[in-house]
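In the part that follows, the structures are each spelled out as structure tokens.
Below are two complexes that have subunit A in common, paired first with subunit B and then with subunit C.
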Partner chain A sequence: MRSGDTAGTLINLSALPTLCGIEDRGDFIRVGALATHWDVETSPLLATRLAAFQAAWTTIGNVRIRMTGTVGGNLMAAERAYDGPVLLGVIGAKLIFLTDAGEISLPALSAHQDYPDRALLTAIDIPVSMTARLSFDRSLKPVVSVAVGLDGGVVSVGVGCAHTTPFFWLGRIDDMEDALSAALPDPIDNPMGGAAYRRRMVGVLSRRLVDRLRRGDAS
Partner chain B sequence: MSGEMAFVSCTVNSVTQEFHVRPEEMLIDVLRDRLALTGTKLSCDLGACGACTVLLDGKPVSSCATFAWQTDGMNVRTVEGLAAANGALDPVQQAFIENSAFQCGYCTPGMIMLARALLDRDPSPDRETIRVWMGANICRCTGYEMIIEAVEKAALIPLETGK
Partner chain C sequence: MNEMSANLDVVGHDTVRKDAVPKTTGAATYTVDVSFPGMLHAKVLRSPHAHARVTSIDASKVRGMPGVHAVVTRDDLDGLNPTYGYFIKDQPIVAMDKVRYIGDTVAAVAAETELQAVAALEQITVGYKILPTVATVEEAMAETAPELFEEEPMGVVPAYGQGASGARRLGRNNCYRFSYETGDEAAFDRCDHIFEDRFVFSRDQHFHLEPFVTVARMDGDVIEIWSSTQNPFPLRKELARVFQYPENRIRVRVPYLGAGYGAKNNCKTEPIAILLARLSGKPVRFCMTTEENFLTQSQHAAILDVKTGVMADGTFVARSGHILLDSGAYSDASPLVAEKAGYRLPGPYNWQHLNIDCDCILTNTTPAGPYRGFGGTQASWASESQVDIIARALGRDPLDLRMQNVKNLGEAYVPGESGIDSDLRAGLKVVADRVGYEARSRGDGRGMGVSIGFKDAGGVNKPSQARIRITTTGGVYLECGAIEIGQGIHTAMSQIVAELLNTQLDRVVYPELNTDYTPFEQGTNASSAIIGTAQAVQQAALVAKQKVLEFAARELDCGIDEIELDDWSIRKGNDAHPLAPMIMGYYGGTGYEFTGAGFFKPELDHAAPLESQCVSWEFGWGAAEVEVDRETGLIRLLQLVVSGDAGRAINPLVCRGQDEGSAVMGLTGVLFPCMVYDGAILMNGNGLDYRVPLATDIPDGFVSILQEQGHGPGPFGSKSIGEGCMLPVASAIANAVEDAIGVRIRELPLTPERVLAAIDEACG
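Up next, the complex of A and B:
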């Protein structure tokens, strides 16, 4: 903006209080699109019901960013290095959009591939499960980040930073290493990180996170 | 907003300010160019480094990444607004001086505002809390140890002096 860009129309969404807040809806938690990262970090409700998600989300940005940046902004910015889509995808969250045709719900793990036109993201619904667990490793950002969800013998792996959009893989935990490697598209290859290195690290981090979850470690 | 000017009424360092801004005008430009509050520094221009940190209703924000119209009805506090009316420095400012917590000084106003926001929330933070919180801003001179120690010291000043 300071370099001379102008916007045809700017709409102040902060004037819409219905987009804020974090609510208990029983078997899921509804996070308003305008909830800030700080709201997530300090929510007593999330601390009680989605503690692993809250801990993982708290690693996003820094305090200055978290106090201003919103969950919805993280998603709709569609930046490949952002962690929001990866985390929400592996825990089965749904994105709620208001469209000309009414409200629609899209799985977080695929919504980023084709956000609906003329739509406003209003909320994110995060399922609450007694059995599902989450672990996340962003220590190699911006080369690669990996989130793993584990529910029984089913594992979901989300890979951020390594491709132009997040990559997700779901399958049986016993098959994970070979099947994930086979399904993983060729990662980005640039001076920041080679494709082979990124591919290798996806395998290392996902295996490490699964081991951590099996041991019962928190995220 | 669609190209027209937006009317903004806010307080900056406890003084009411009213102005019209373009939709794309950023807070740092209003502070520096219109109000001559040049203590707030522009550096990365991406909201990443924190040199331009000011407090918006007490929250630390990047003024280079905050639209000026977003301050309507809010309280903006810059480094110029920290000292008391009698000129006494804020404990954070005093501690930064006593601890030599700067080299080139360019990041210092942002660091001080970030530290003030922390101490307003948590008057007695432990070192790890300070370290994590202050990690939001970047010092190119890498004087982090002295900055962290200054914030630790600033947290003690009100207890010692009763200021």
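Up next, the complex of A and C:
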């Protein structure tokens, strides 16, 4: 809008309390699209039931986003360097949209590839698992960030910043190194970070995160 | 080490800053806050091309658009000297024959709203003939490189003193060269070892929170502007030349400044705001966005080739150097930065021979200009990195080698120059002790490094004036041109005056700068305020005080040496005589003002290389401890200890704020990507992608130690403190990296990818 774009109609959604809450739905936690990053960081419910996710969430975003930015707004802004989708994708979250055809649910790990038309993101459902664990490393941003989820022998890897949209890989932990490398698309190659370095770091960070989870270290 | 004057009442105390309340409550007025009824908003059309000839501009559709009151293109510059610059007047108000970088200004519109102005810009049609670009200094210097300026722009080479010289257009796109030489070149022949290294310095953006902004209006026949500028008086002079207008019909007003770090010198938003105000007859506000800041000014990237000869025992003998500054598309302050980068490359060491050239190379990128450190950052990076390289090659400890070769207190920097006014060994020991250098344990990728950041302070031949007015009831007006830019100078100056007049700090007020009334000041830059302007303020205060005492002595019929000024009373023995009734008794009930004027300027001196001796020398001692991740190349900064010498700290807390702020700013160019270009395209020129250090990036082991060695030329022995502690940061960290993993990295920033590549290379 600073560059001249205008909107014919602006609707203030902040008056809808159902979009703001963080609720326990049993198998999952529902985070309203208008919940702020700060709400997620400080939610007692998340601290109890999704502590590793909450701890990782406190590290993403600059201070302005962390204090006032909404989860839904940042997801839909889809900035390449934003790590929200990476974390949500790895832990199997779903994005809930209200559309002309009613409510639809899309996996966070693929929703960014094709957001539905004429849709309003209303919530994010984050599954609660007694066995799934999460670890996250963003120390090499803005070149690459990696999140790893581990549930039994199944590992999910989320890669941020290295491509135009987040990349996700799911597979057996024993095959991860080779299979992840084979599946990883060519990363962005530019003066901010070379493709070879990004690719190499995806391998290093994902291996470290898996090792960390196997040792039982927290996120 | 400290030889301080006796305890003082106001100076030396952590008094609350005079701007603390307005700034923390939001009451402070900055230029961005200035507004008038009917004020228009300016927006500019910027070039999408890095280098192109402008074949046509058609703004006919814009005139008459809703809300649009004025348009400026190259067709609207009649009667002006339409280019500006420091030594070289090469930057046009709007593009004339060519555009020379992506973001170059092509046209400007003033409209009732910013949206209307933006919409109008979209209706301007510009024809371009694309030209080959030069995005780096290497490309720009190539024999077949396209020239940004086919003809030599108007400009000057200033007079230099002993050993120094300047020249223009010595090669393709070379807009200026500064050279300095002293001693016999044969000194190299006597050396046991010669070290030759190339260092590369990255390019930061100032990232001042308040953008470039000006509000302009015509007040009768007076051009009146409010502007976020560091040098209103030279700006006034430059605007008078550009607009061919009498200097005393241009009024520059400067409210609080939301930081500048060097960027806000000379013309930025001012010419366009003034032009549009004149054309429209209305006040015009031209406020850039953060993205436009990136397209307006940056630091100089640099390539520094340094050759140093030493004896087997580590004695430094000779140094030569060739620096290439990436000046961007226009010369701006590059010649001045070249002077200082070249002059400071020797570092604070003893040499028998020096021979240094510094070239300013134009490229099709954002113009580079003054930036905190002003060439000293680039020079310190190369010089202090090479000192460690030499030490390791000779099997010497880098700290010991520095101790062996640094200049002594009072020793002239180079022939004809002033003496070093800090004890360098004492300063280095402070940071080395605090970081635990001598007892450091190495291994596990951990190591430590030290560095001496170095620059001269006070600018060159820089005059300042000041005036003190004291009212009947003892209120003090402190009038000088030092601008409160966040550094706390209002507070420091007020403390000096309160101390000298033996009065309370809250009696001193510091009126807003207005070039119609404020005494002349060359600029708030070059770490000059406390050692230059403050000397003028001190003189003014003492003159005013003397007048008061002479008046009181006459009234009390006693000698001046029998009385003292004490909180606007005259103390004579045990008796206090309030001054207000005494003044009204003599001057009448309407009262009176005592005034004092002060002046400071270094003497011209052809024996001094820069035509006048440097007023002072500013140091930042730095020590770092790092841990390097050998798998990723990531540097974890464990400790950063910095220390500056305030001479005598007028306000210690404010001084520490300067030391710490500059040190953190120094981290930008070391641990973060800086301005990243893909060819001539800036990739991260916005607040989201450009990374500056955050509070969370500062290690727990970040410590600043304020030294007060007592040798400064400023009031009460004070010295400059605003830039020193950013100077050692890069080299201290790079030196620590080599200490940690045995790998020397000669190019900034020390990104993980670059560090890992160096590790890979070292491992074969």
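Basically, the second predicted complex is superposed on the first by the 210 of 219 C-alpha atoms of A that agree within 3 Å, B and C clash if a C-alpha of one lies under 4 Å from a C-alpha of the other, contacts with A are read in each partner's own complex, and residues count from 1 in each chain.
Just so we're on the same page, a residue touches a chain if its C-beta (ideal position, glycine included) is under 8 Å from a C-beta of that chain, and two chains touch if they have at least 3 such contacts.
Predicted model, so just to flag it, every value in this text is computed and none were measured.
Using the contact criterion defined above for the overlaid structures, shared-chain residue A:201 touches subunit C, although it does not reach subunit B. In the superposition on chain A, A:6 makes contact with both subunit B and subunit C. Look at A:62: by the touch rule set out above, it reaches both subunit B and subunit C. In the superposed model, A:81 lies in contact with subunit C only, and not with subunit B. Looking at the shared chain after the overlay, A:184 reaches neither subunit B nor subunit C.
On subunit A, the surface patch touched by subunit B in one complex and by subunit C in the other comprises residues 2, 6, 62-63. If you check the complex, the residues on subunit B that touch subunit A are 1-3, 22-26, 29, 45, 47, 50, 53, 59-62, 64-67, 69-70, 114, 132-133, 135-137.
Residues 115, 118-119, 122, 289, 631-632, 634, 673, 676-678, 683-684, 688-689, 691, 694, 751-753, 756-757 of subunit C are the ones touching subunit A in the complex. Of all residues in subunit A, those touching subunit C in their complex are 2-4, 6, 62-63, 79, 81, 139-140, 142-143, 190-194, 197, 201, 204-205. Chain contact summary for the complex, subunit A toward subunit B: residues 1-2, 5-12, 14, 62-65, 67-68.
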